[in-house]
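Read through the structures below before going on.
Shared chain: subunit A. Partners: subunit B in the first complex, subunit C in the second.
For the complex of A and B:
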């Protein structure tokens, strides 16, 4: 068994299993916490508040927009770029098809490159803000930096293997993907899923009180 | 083309004919060919195997005679014509219309191999040694009055993000570029052939392994370099715009130069940026734009069909990048270990008041309205750096 076979075979299966199992365990754990019954009479809809809480936070509030435009751009650039990279790059679709049989149209190469450029620019800006901003620096810990760097390394090794002609580069990329998958559920990278629960819970609480989240 | 086809036809017929027919007095032999090339026997004393005489060779007035079925006294005229482009022969590519051979490629290759690649590594090593030597002699430049404990804001968040954004992409571009340029000479020639095999007497197969490693690294570096190039250009443009204010040369800069930035002749006053910082800014602007433009031409070769331009672009790109890496190393040194308090400006956006008074007194006066006195110009023993 070659190293590539290992990282695309047993190691990938193990990493994917850990990712799914631990991720579900965390999400189910959060959902099971529940909340204390609110005895006060409702002044608004908790469901509407849940949606409002999720949607309103996609846009910066007027007061903050001017101060935060750089990391808002960086944040959107990185997350949208990564989403496009992950699900619309031809090699990724081929990889997913290999395991699930599912396939969908891929982006042309130039589209993939532009998405990668935007994602990289966004990630660098976000990381620079993390250590430059005094408040961000105070609330950041190793988990944030490890998560950022692992994501960066996964993206970087993926782009270095872009030509798909060197087995060692593909294997390196897959190795980092596996490490990332294993680390993901135990870190703040889980915000990819929990963000909607968190925003929704806050929104629902505010909505029930008849307030804007 | 007709002549070449005739020649091929002859070769084919000769190759497939009965060996006995080679004795035919009408067929050409090595001796007859040599005779014709010496200018003898040009009257035409041979025929094709079919018995037909060869087609007469026509030479256009003013053009260089092409290689015909009989050959000529010398082929060097043809090759010379092909090299200087007067042969009117053209490949299908539009990059060198009417010119079959691109002779300037020899010069380009020579400059790249015999000068650029040969000395680039030594230049970088020399700059590193110079910085180390400066550190050993001068030590860390300390704040003369020590830290005041109070800070004043120097760079906004957008300044810092722009700076580190460029720094990050520059490091990625520099590393990948150096692998592309110097990977083989350093890894295969230097480490493998010279050190491991030549000096340490290891098996020559280690060179083959290093060649494979270099191949993988180069493949990866090229992909990374091409991908990060546009991101580098974006970050460069942001820095150019964000840092332009205050980076135009001013009267105080002349005094700063005369005093060697404070190294000779006492305290050197400066504004928000001193002469060194301004020079670095304009190097980033000019050289950065130059390597960006040449890089774009290398990334998208269809932007120009002039091969000479592309050859010049590769040289300018590498030379500019090397110069920028050298400057950046000096900048990184002064901005971190070389000078106490300077890293704060880019990490926290604030600098110590005493640092501001010492290094950017005119800016400090402008911001605070407070007159700066240089009481600490004489370096106290306690504040001297140690090597």
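For the complex of A and C:
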């Protein structure tokens, strides 16, 4: 078995299993804590509030944009760029097709380059702010930095492996992907899923009051 | 002491709070919505940073996957008493639980609601500012944080009867509405009692004030003591149900409304036999039902302050604005008015906390800047007695002059002179 076979085979299966199992464990663990039913008569719908809360916070409020524009640009750039790379890069679609049989049109090479540049720029802005901004410095911990660096390395090795001409580069990319998958459910990277619980909880609570913060 | 605090913090952590703690990405956006940070630029006032004791306790004792993390030494140490005390000013002095940070949070985290839970841990361990401790002592003696007794209430009612020429009903069995007031209103602006008497007379309402339950202020909610908050709500519920009223009117006081309307049934563990209405909600209903038609408008340049617990966290956004539109011809809105409006700087018990006075005045300065941007405002209409008190103190400290008035008073002053409609 070559190193590439290992990182794309047994190690990937193990990493994916840990990602799914630990991720579900964490989400279910949060939900299992439970909460008491709200006895106050509702003025609005908690269910509608849950959805509104989730959708509303995708869009930053203009009132604060003057002071948070850098974070908004960095955050949106990184997340949108990463989403496009993850689901529309030709090698990723081929990889997913190998396991699921599902396929869809890939980005052209120039599209990949633009998405990668936007994602890198966004991630770097967010990371630089972690140590250059006094507020971010105050609240950041090791998990924030490790999560950022792991994501950066996954993206960087992915770009290096884009040509798919050097086996070692592809294997390196897969190695970091596996490490990232294992780290993900134990870290703050889980915000990709817990965000919906958080926004939903606030949205439902405010929704009962007839508000949409 | 520390164990009680930690146990209570963990008990307070339900799945919503856990979701908040798990979702925070440490982006720091919340600082930009917090006027304590805005007025000091000190990073320690970043809202999410204030939650640190709860975050530590949760990660160590309650978070999913903590067992695996413990193997690798990745769970935090136990929260210490020193840490709890170090964070106390952040939790009580620099957070009014205004909830503005939630608006800017990309994760939608209700930091204000979480601070309320953290205060439960602090109150259980009795790590509470002296000002709030004194308010608790007063409440236990008289049911009022300012020590307002039934005798003092009756004296103020008598004065208002003389001023208005109206009989103000007291302890009337079978009345439809039971009106509550805050201590601040009874002692500092008793004319609000007369204003309501005039409005209710015009609307033909059957209402009463009770000498057993007149105080709406709930110090338990401010301190973070669930048991005390429940006791204060129960007192009102018992009296309202004894009198057989259909409605309890929460006064122009922000947290009092949240305490009885939204938290009340959950605090005492059952629904009420009556409906809770905020006075603004009631006035808006009476106006729309044609029972209190508006008369000549106030033509001064007026703006409206949105008390956080009534508007952003209470759900009453349109009602005060409809009343303002009816009552004045030159109503101007502040930037971010409504759901994103700035706090007065003294909610959530901060105004009762002497230690926080300097910080509160700085935070109020940000609020004042918001009003100054409008230019030439003659008066600010404030439907919350606590906010009014903070405005008056802040204006005095900053050597500024600006009239502050209650919305109920404004409505009373601008009622039409036509004859009242028959009672419903």
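FYI, the second predicted complex is superposed on the first by the 213 of 213 C-alpha atoms of A that agree within 3 Å, B and C clash if a C-alpha of one lies under 4 Å from a C-alpha of the other, contacts with A are read in each partner's own complex, and residues count from 1 in each chain.
We take it that a contact is a pair of C-beta atoms (placed from the backbone, for glycine too) under 8 Å apart; a residue touches a chain by one contact, two chains touch by 3 or more.
A quick note: this is a predicted structure, and the numbers were derived from the prediction, not measured.
By the touch criterion defined above, A:145 reaches neither subunit B nor subunit C. The partner that reaches more residues of subunit A, of the two candidates subunit B and subunit C, is C. Within the superposed three-chain model, A:125 lies in touch with subunit B and out of touch with subunit C [touch as defined at top]. Of the two partner chains, neither subunit B nor subunit C is touched by A:109.
Using the contact criterion defined above for the overlaid structures, shared-chain residue A:168 touches subunit B, although it does not reach subunit C. Of the two partner chains, subunit B and subunit C are each touched by A:133. Overlap of the subunit B and subunit C contact sets on subunit A: residues 71, 129, 133-134.
Looking at the complex, you find that subunit A touches subunit B at residues 70-71, 113, 116-117, 120-121, 124-125, 127-129, 131-134, 156, 159-163, 165-166, 168-169.
Of all residues in subunit B, those touching subunit A in their complex are 157-158, 160-161, 164-165, 168-169, 215-216, 219-224, 227-228, 230-231, 234-235, 346-349.
Residue ranges on subunit C touching subunit A, taken from their complex, read 13-16, 18-20, 22-29, 31-33, 37, 41, 43-44, 46, 48-49, 62-65, 68-69, 74, 99, 102-110, 113, 261-266, 269-271, 275, 312-315, 317, 335-336, 339-340. The touching residues of subunit A, when paired with subunit C in their complex, are 22, 25-26, 28-36, 38-41, 43-44, 53-54, 56-57, 60-61, 63-64, 67-68, 71, 75, 129, 133-141, 144, 185-186, 188, 190-191, 194-195, 197-203, 205-206, 209-213.
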